[in-house]
């Protein structure tokens, strides 16, 4: 019951704020959109916590809501777009078609995916689940089973650094 | 793969003559690439010398040819793409022998003949011609289907460049049309080739001859192969690339196109479409028969309406090739031999015509008939040669054209005649007789358009000042044409020299194909009479093993 | 046992995913488009984490961890590109980027 | 440990070279010639090739430690494609050395980004779990996004990069969602495990879970369809190829596509290759066939009216995606005991190689005409190329003919192999597909010929100036020569491709395991020759133990 | 027997000599003097004539022992393929011997005449080259032992005729006339080819005349009368082309565009009779096809009358002769049609003499008149051209059928045979006799009209020409020789009724062996009384025509009867029954229209336009339309991606 209430609150909040990112009027202004997105990320972190993914919830707040969104804010401020520079949204047939198709895809996927309820759920009370979602548990897997992707990610971040420099630095 | 042990034991005393023939022009092309581009004379000389050398190298084929052997001779087999089941297999038989010799014979003449016509990018031109020669020889000697296909497609590129670079005003349109038209056929043929390969386990011609194909398979495969060949021939109604290609091509291109390239289509029919798919041949032969005869008449009619000499000759090719197809589809010893001979004849006569048109084009830079008139008085030698070639083209006895047409028509006629009288209701024989009669009108129509053109160009008063300045042929041009003129008469007078080499191979081909074709027709006749289809005899699809063996040797 | 069925989480994630996707192809401001992509990635993260919970398998968490890293990298590169575009056009509107077409 | 480092030496070499160029480049004076870093990168790829050659006889490479064996699988297929990628990287890098200065974009970062993206590609084709796959894909993609916009003073390049980036991110999200579903229902992240789960019916029947897996498969397929530029996921291709620097377009056309195809083939054939999986839905073969048809027609038709070399090549790339997709269906049977396994044919690998060579040459020529900061590759910019630069024109012709599939080029052998293999495919009768492909080749003849027409038969509109550069010459010469050589004597290469294809064994017999090294012991011996049904149950039992720890 | 060998080996040389002459003059003539050209050309033909005489001499010797002697020469095997075997082989038998002597003899004379006629022409060498080439072809035609060799000659003479008609090619009309001749002939050849194909099949691949005779013989493969009739009709169709019969005669009048000696040689004496020769050669087959024979006889008779009516009103000296030729060949064909092969050959021979003489005479006139050919501008030329006038007059008498000149014997023989000959089971074609008689009347009239208008009365042309008019000696010799032959040639075939045992019918006897099959099918009358009656009628008719003409046209210029220009029949005849116009309307125009239509509409518009370019355009159009989707908007691209995923999901 408790879980369900939180589920409704958090997911409702996440969806509404996410919609605020995308939909006008807030969606028209990147600053408002970014703020809505931050809020949405917070709600998501809550859902993660609800799902026993504690480490992920923390990381969500720190990396996403913190680091990534700050980056966004920087850029928004840097560009300092005024309202009149934003112009008006065009309504094209493509957008309509895409919307319909995307909603259809979502519905279809949701319909099929609801079969997952047939999966037996893991019992969180077993000792095997003790370290579930903790730094220890995740870290163990990360550095044992997924070391290679982890190393690869370091290259990925390096690339991103180089890329940001190459693309954005005033002179090279 | 045991069969693939490199066997180079040939009548020529262990020399891989065919490989040499294929490779020599390529090496020549390579050599030319290293001669600096501005030394035009060197390019012309070297290329002519190389192609001349190839001609002399090809002569042993003739002297060493065993006329009693129906199968391939000078056979070579070396493993090549074993992963795909394709090997370097070459061979010559009575069907391909003369076309090969025609190729090696025409190429040096063309190279010499183009000296004054091609003055730009001479090196590229010569390289192109040599590659083309190699591809043509390769197509004719390949007895591995993939190898055949490879050379078949390879012919396209140099020809494409030849028309596109050295062609006339509208050359880009013509060359792209030529290429795409041809590719339409050949790519569908590729599917057929692959299918056969999957059935036979290799691309070897002998293996493929030995497989048993159901009637349905034969129909589809025949469709794929026949379309490619029909476009190349070109059989009506797939001919519209030809006038454009011929008109826009430089003389060399036109000559090669008419002389050899078109023959690849008819050769393909003889080599592949007939022996591999006899049942389909039986089913389709009425259609091809009608198309070839329509081509004869249609080509003649359209030729008559042309204003442009080259276009006229191009349409005359449609008409002449119709005769060849008629002979092939008749499947009768005389007709098929006539068809092969007519391929050679057409190569020589139409080749010569194009050379002559090229000579006059070089002087006047126009091909419109209306721009000429009265040339006979100004250029007597040219006129005489043109007349001889014209007469050969319309099939005057003592020239080569007559022999070919006569053999084809009489052979075809004999194919239809017996049954028409005796049974009275066979659709095929009636069709054959009717079609032969129609085809024979081509003899009349040929005279009509050729002589009308000849009259307009050469007779009457000189109406254009510029024509007064036209020079008669020079020594080089005479040198190029003299062999052709001599051959025109030589074939006309001594066709046996040529026919004797074909007998065995053609007989083997007919032995293999005709019984099955006949059965298909018999069954159709029975069905037409209202007999139940199951009462009709089954068609024996299996080819004669013996023939396959003979071919394999 | 969790009292919320797994499918509910999935549906929420899918709604978020669709919202993000619609944002990508309707918003003309490149920044908002990038944010929409972030929403999509988050939605997927939710799927992973939900599955992880119900399967009792932390692989989902690990994947999420990597996705966050990738998202960071993408954001860096994406924002750099936005700056690049802005430098040329003085505008970050995606629907004006059609110098190359047909 | 040392052995394992040796075993993944191709990856290490490429990484090392990338880092080295980055570090060294940082200290090189601004504005100086950075081409020597290109040579270094090229040597890196050569070294990687040598390493791959060394590893070839040791396939499948047995990684001992779990972190490597889960993440990577160095089998013949992966190694062969790594080699193709390295070749593609080498050829395009050589073209870049003098092209970049001519484009006023000569920065050291270019080469490290190329190295890193190649690293991503190599990981992508050898990735053994879906996570590594995703990360590798991102490493490759993000590096390529940056490379696409590398000529940052060009609005076209930046715009191309932006478009590619937005679409790429979207596709990544799709891929991730697909991975989520597949992992969610199977509980397995490595490819062999997923295959096992499907093969032995661990996804319980009647619960509708296969449907979720199918969803995942479709989403993964869609994401890869984007990367390989299959229609209708192709829309970015022309704009990006046109806007990006030619050397980058070349890299995208050859290496990126090769890598994506490799990963797609591996995923489809290993994870979803089992008949058990196909039940209850259209098989991925059908979807792939449809994508192939749409791509071929879309690419070819849209290419017809193009007047820009890079753009034509882009549409041609889309069409070729269609042909190569057909190769995915080419799975000739390999008899193994009483059971018949199906392995990928030689077509995919060989065609990718042929395609790499041809496109590297074509984009090399596009780079060559990019002298003096000329980004334009439209008709006038190379009209009459043959007059002044016959060698370039010849190379262009060879590559175009190879793309068209005219004999004596590698492209012809590639098409031939694909067509003949797909006709033998046991999963369906694909004659119709082959015929459609052939019809498409015919359509494509028109625009390929147009390239030759422009280069050879049209007069010069403006003096065609080219980047004169020895490495460019090497690259073009090598690509053209290899194209012809592979067209003439493809046998040994075909053998290699065969071996590569065979390493992706999958099965059309229900219940037979997928990609995991075929365990001979688990297979019923041919002497005993039990009935298939019995064999099946025996196998199932045996494998269930393996699957459920 | 060395002499026999000698004669056999001679045969090819008879043919080859003119060829050598032609080749020599063709290759080197332009650079040689006229004298050398003359020597070579004349030498070749005269040599050929001499050899012919020798060969025929040998044949005559053989004739004493065998009824149907033959000299045969196989030169080489020409064509062997499947069942088809054709040799290049020659046959000299009584029939070909007659033709041989006529051709080489008359040919030699005309060559001689040409020396004078053509001496001023620039292309003298070319003329003789063609003429020799013609002789070669004609000899090939005559001596061919099989149908195909004959056909080679048949076509060869057609080509030479083409070349010689268009000899003065700068005049477009002449070039057109040459082309017309060739094409009309080709239409006939088309039929011959078909006949050959049919025969080839039944004869199992051989075309040898002897074998063909066996094929249709009692035990031969071809017994079906329908087929035989078809073959005969086809061969006859060929003959109508070459021998200018209805409906294919139209080329011959136009052929007068050639030099006059050519008209004499080719279009009067030799080539145009080839059709008759062919039918005579194939007599063994024709006698088996009564229906075909009826057709042939009818066509021959109609042609004889038809052409004669046209000749009545022509004013061009050569045109009159041309129509006369058509008419006379009509008589020969008529003879063939009633099985009177001997009579046909007889008339062929006499016609060769007198018509060659007439043509050469006209040539002499034209030469003298500076190429004036309109008889309305002539008159009184006897004074200037005495030899010509006399020889012309003799030939006129001969053609008109004045007793005891050659034409009298041959024509009356034909008319008699027409009246009496009957196919075994059928009524004689008596009605054709009257048509022939009418034609004979016309012949006598127009010939003497021609003679009187040209040579008698007053000169009506310009006086400059008159002053320069003269004869050439070299041209007179052939005229005289031919006139003598025209007068006396008939003695070779004096009918039994007039010979009274003193003059044997040499020709009948000579050819008997060749035409021995005729007797088995035809009842030949030997009713002398009837013969005398018919003879009298025809003589009366001839004299009537002759004197009418004399009465009308032997007058001073101002008293000549005015042509009834307005009269319907006159217009009809001057315009040659409007046949050319009808042909033009019925065949030529539709053909050109058809060709134009085929080219412009079928080929360019339909096949190339709609199918070929149409399909290319359609593909291009689709491509262009698709391309528009690619509008550069990245969000549209995302949409496409989404739609793609949706489609894949939908397909699942």
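Letters are used for the chains, namely A, B, C, D and E, taken in the order the chains are written, and counting of residues starts over at 1 for each.
One rule holds for everything that comes next: contacts are C-beta pairs under 8 Å (C-beta built on N, C-alpha and C of every residue); 3 or more make two chains touch, one makes a residue touch a chain.
As the structure is a prediction and not an experimental result, all values here were calculated from the model.
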Partner chains that subunit C and subunit D have in common: A, E
Neighbouring chains shared between subunit B and subunit E, ordered by label: D
Per Cα centroids, the chain farthest from subunit B: A
Centroid-based (C-alpha) most distant chain relative to subunit E: A
Subunit D and subunit E: spacing of chain centres that average the CA atoms, whole Å: 80
Mean-CA-position distance for subunit D and subunit A (Å): 30
Chain centre separation in whole Å, for subunit C relative to subunit A (CA means): 6
Rounded Å distance between subunit C and subunit E, as computed from the means of their C-alpha atoms: 98
Of all residues in subunit B, the ones touching two or more other chains: 180
Multi-chain contact residues (two or more partners), subunit D: 131, 135, 138, 142, 145-146, 149, 152, 158, 161-163, 166, 170, 181, 184, 214-215, 238-239, 446
Shared-contact residues (touching 2 or more other chains) in subunit E: 616, 627, 630, 632-636, 638-639, 642-643, 645, 649
Those chain pairs that satisfy the touch definition: A-C, A-D, A-E, B-D, B-E, C-D, C-E, D-E
Subunit E-touching residues of subunit D, taken from the complex the two chains share: 162-163, 166-167, 170-171, 174, 214-215, 218-219, 221-222, 225-226, 231-233, 235-236, 238-239, 281-282, 286-287, 290-291, 298, 300-306, 443, 446
Of subunit E, residues touching subunit D in the complex: 616, 619-620, 622-624, 626-627, 629-630, 632, 634, 636-638, 640-641, 643-645, 647-649, 651-652
Footprint of subunit C on subunit E - complex, ascending: 627-628, 630-636, 638-639, 642
Residue numbers on subunit B that touch subunit D, as the complex places them: 80-84, 124, 146, 149-154, 156-157, 160-161, 164-165, 171-172, 175-176, 179-180, 183-184, 187-188, 190-191, 194-195, 197-198
Of all residues in subunit A, those that touch subunit C in their complex: 1, 3-4, 7, 11, 14-15, 18-19, 21-22, 27-28, 30, 33-34, 37, 40-41, 44, 47-48, 51-53, 55-56, 59-60, 63-64, 67-68, 71-72, 75-76, 78-79, 81, 85-87, 89-90, 94-95, 98-99, 102-103, 105-106, 109-110, 113-117, 119, 121-124, 126, 128-129, 132-133, 137-138, 141-142, 145-146, 149-150, 153, 156-157, 159-161, 163-164, 166-168
